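I've put the structures underneath this note.
The same chain A turns up in both complexes below, where it pairs with chain B and then with chain C.
The block that comes next holds the complex of A and B.
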């Protein structure tokens, strides 16, 4: 029975297995520094998954998810710094507290039409850095709060060092903590969107009136989506603080919220693998574009200097436009349509579907 | 068998020691990031985003290192200087600094810019024992707390020291002044305010009003109106360049003509020109300086200034008249000086030790008479500044250097 199920599993299940195994094994072959970069990409993936539930599945736009990340990061940092709580324990606390705040924010927010909701969340992102500075005794003001990066526990460290031959660094340990959180949260999201809440959210997105007429609790599910999405943001923020080892108001600028939205759109809205692809894109593109461009000798110095001074925003913008033109459903949409095209080619379906009748000699 | 092992180890150890002693030259010591012909240094700075104007400092430093490399480098080693753009966001400073330390294996971080950004990596660099030298921020903590962060050191005069000079100048030249203070509501503004209050000492009641603004504010008009209403006749502006320009214009629009003290961060001639263009009267404006101003005609035939012009010509994107560029060249001069002094003992420990405890140089790009100096009990390299007044087209040096060494505890 079980063997049968494994054999019959659709190819995308196999792909999930390969990706998970890859992410688990990756830090054993790359440097500790690269592992810290990938940890940040995974953390962004969690935040983007939260945004994806809100924007992709329930159709509400948020330009302020960086604020939820900031809240999560500060809850964890304050608990760990002032109250000496073990940082790993603060991650779920930060997630739940942020989720509650998001839920409460969702109650007035869902009265707003989409455009005004976007503005309200944008305002949230703008005021967050200033708000953080106010209770300086609690948040450390502009100085921020330093987060002590934990050493890996002995058992994990031993397994790691028998495989790689080198001791595990805290960056690598944080990578695995982030990976664990990402796997759990992606699995939760996958379960939610396949079942009743997911169907209800999609119904609301596609037609609010129709959904209400079919008996869907529109207000309830919209607020739920907001709270759930903030929960993801809070967990991601908490991990973000852990991986950078420092939280300060400037760690959460408005551009972070935009970066999250770009990641969600580029990866592919309303899909489960989309946020992962989008996060890898949104995290590595700015870094690579600001370091790669100036090192290319074939690019004229003047242009390279301009691109460098204008920042990664230029290459970010160009690639974003290209993706929107050629892959309006994001990277995942592109992969899906490519796969189905390939599938039909392989099965010879294209000939049958071209709609052309074979030439009929009798009509001559 | 079991008894033989220790003796084998002993023999092996002896051989190792013997060989090591025979082949190595005991007088030469090196560290990560040092090879026979190179020294690699790393830097993070804002070259894009809101604070991109600072980015040219990194390019000017690179121009100086290239100039030194062209003359044969430091004790035969060429300096590789890698600049990464953190866009003034501490969340980017952390991974970029890790990249420079762990992947590029730099010997030291040099002249990283921004108070929050450098605070965000201070613990990391100190735990890795990587020198974080001559950070480009005047926050007093980077010098004052050197004892608890032994691998970190600032360079420029601390904000508190600067504010003490203003206090000394007010007490000397405007003893009956009624002072109004406009300051930015963060550690930067508060650092200045503390220096001013400490410097005035028992005369701190001269401050009749102080108003703060947030960096996210649109302008400072409301605060300036209040300060005017408090009948202050002397205005201190402890702000970043953008707010300083707006404030200077607003003061003129309010038909207010107080004596104005500007902090050094906002006094480069570029900004004064912008304020003038926008309608600021700029009468009775005082500030302080410690670097030779490239636009000041009195340095036209100065050998340090001519050397600066030669060096900065090597950077195609740098404007020679920009005060930030001569800052970059001056701080790079100190770095090279430290590396030269380290000589054959090129370890991170020795280089940091020289920078923090044994510095004693005259820098050709700083005002004559300034000593860049540190001792085992004093880790503030530059503590002398000179009062300058605005003459309509440029800054005029007033009086002589004021030394605040030893005042900040």
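The block that comes next holds the complex of A and C.
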């Protein structure tokens, strides 16, 4: 029975399995430094998934999700630094507390039109760093708070060193913690969007009045989406502090919120694999443009230095515009239409005979 | 009392700058129901153009109108190139595109001119003049005068000329205007050009105060949002009044509320935005929004 279910599983399940196995095995063959970069990409993926639930599924535009990450990161750092709580224990606490704040934030947000909500959250993102600096006794002011990176526990470390022959570093351990959180939260998101809350959110996104008329609790699900989304942001922020080893006001500039939005849009709104693809893209684009470009000897040093500073912003901007105009469903949308095109080519005749219409493209 | 009045005049001067940028936001909002998140960055780019012209040896008072014309053309170019293809797209798409535009313009300015703050010339001396007991700098007076002239010019253009009438008609009733022979799409472009030029004024006025660098407008745009929201986002006079109120409020709060000081002035802007949106979403001069089912 079970075996048959596995054999009958659609190809995308196989793809998920391959990706998960890859993400688990990957750090055993790359350097500890690269593992820490990939950990940050995964953390970004969690935050982008949160944004995706809010923007992609419930249709509420937040441009200030970096603020939720900042909140989560500071809750964890303060608990660990001032109250000596084990950092790993602070991750769910930070997530829940940020989720509660997001839920409360979602209540006044109900009164705002999408445009006004975008405006208010954008202002929040711009103001966040100066808000953090003020209670300097608690937040450490401009300097921020250092986070002690934990050593991997013995059992995990032993397995790792048997496989790779080298001891596990704390960066690699943090990678696995992030991967664990990402897998759980992606699984949760997948379950939410397939079931009642997800259907309700999409109904609200596509027509609030119609959804209300069909008995959907519009206010409830909109605030729920905000709370959930902030929960993801809080967990991501907490992990972010862990992986960078410190939190400071400059860790959460407005460009972080833009980076999250780029990831959500590039990956594909209202999809589950989208945030992962988008996060990898949004995280590695600035890194590669600042590492690959300066290493090319044919590029004059001064230009390389400027590209290092301005390159990510320019390419982010161009990519946001181009994707919104030409491929509003992002990378996942492109992959899906490519796959269905391929499928149609392969058995075009049968499809034409059945007269099946291609599925409607999802609107943003 | 004297210091209070001085803070008040300073607030009006900075408020005039916010008013110009807020007016630019209102112009685009009226044209297509969109808040242009790139408005501040476009103004910053125009200011860099003015800077380049002045440092080429052009006189300030020639560079100023030349920059406005270039900003006007640039605004039209942006509308044709980036906004027109998605004119009918959902609001989320449009907002994300203007954010992309903001990021792009910001990076471009950094790419061309770098991130080192530059001092920008001001045609007005920073000496003060005694106005019935209140010392007011010529620069503040100059900023107030220039903002006043620009706002008056926009008002006259919109209310007293045929172009203004067509612009307003295209914004309010695109279908009817099209039937009457108005080229609605080009009127939108014209609106973008006009907004870009008006916004450029705010950039050029604020640059001598803040020092010119790519992130210069990041805080100004928040104040302009606050001004536009406070005045009612579809009301041009509201933008002006809102700008002046926001300018005076943050100046007084910075001077007299020790808790706020210099570094939380931006948070006052945020508080105004959120407060107005929750308590009186239509602002001071806006009409109540009616939703069609």
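Miscellaneous remarks
Operating definition for what follows: the second predicted complex is superposed on the first by the 321 of 364 C-alpha atoms of A that agree within 3 Å, B and C clash if a C-alpha of one lies under 4 Å from a C-alpha of the other, contacts with A are read in each partner's own complex, and residues count from 1 in each chain.
Basically, a contact is a pair of C-beta atoms (placed from the backbone, for glycine too) under 8 Å apart; a residue touches a chain by one contact, two chains touch by 3 or more.
A quick note: this is a predicted structure, and the numbers were derived from the prediction, not measured.
Contacts of A:199 after superposition on the shared chain: neither chain B nor chain C is touched. In the superposition on chain A, A:219 makes contact with neither chain B nor chain C. Contacts of A:344 after superposition on the shared chain: neither chain B nor chain C is touched.
Judged by the touch definition given at the top, the superposed model places A:114 against chain C, while chain B stays out of reach.
Look at A:317: by the touch rule set out above, it reaches chain C but stays clear of chain B.
When the two complexes are overlaid on their common chain A, residue A:133 makes contact with chain B and with chain C alike.
Of the two partner chains, neither chain B nor chain C is touched by A:336.
In the overlay built on the shared chain, the residue A:240 is in contact with chain B alone; chain C does not reach it.
126-127, 130, 133, 255, 309-313 are the residues of chain A that lie in the contact sets of both chain B and chain C, per the superposition on chain A. Within the complex formed with chain A, the chain B residues making contact are 47-49, 52, 55, 84-85, 87-91, 94-95, 98-99, 102-103, 115-117, 119-121, 123-124, 185-188, 214-216, 316-317. Against chain B, in their complex, chain A makes its touches with residues 31-34, 36-37, 40, 126-127, 129-130, 133, 141-144, 146, 171, 240, 244-246, 248-253, 255-256, 287, 290-291, 301, 305, 308-313. Chain A contributes residues 55, 59, 61, 63, 108, 111-116, 118-120, 122-124, 126-127, 130-131, 133-134, 209, 254-255, 258, 261, 265, 306-307, 309-321, 324-325, 328, 363-364 to its touches with chain C in the complex. Those residues of chain C that touch chain A in the complex are listed here as 33-35, 37, 82, 85-86, 89-93, 95-97, 99-108, 110-111, 114-115, 218-219, 222, 225-226, 229, 263-264, 266-267, 269-270, 273-274, 277-278, 281, 289, 291, 293.
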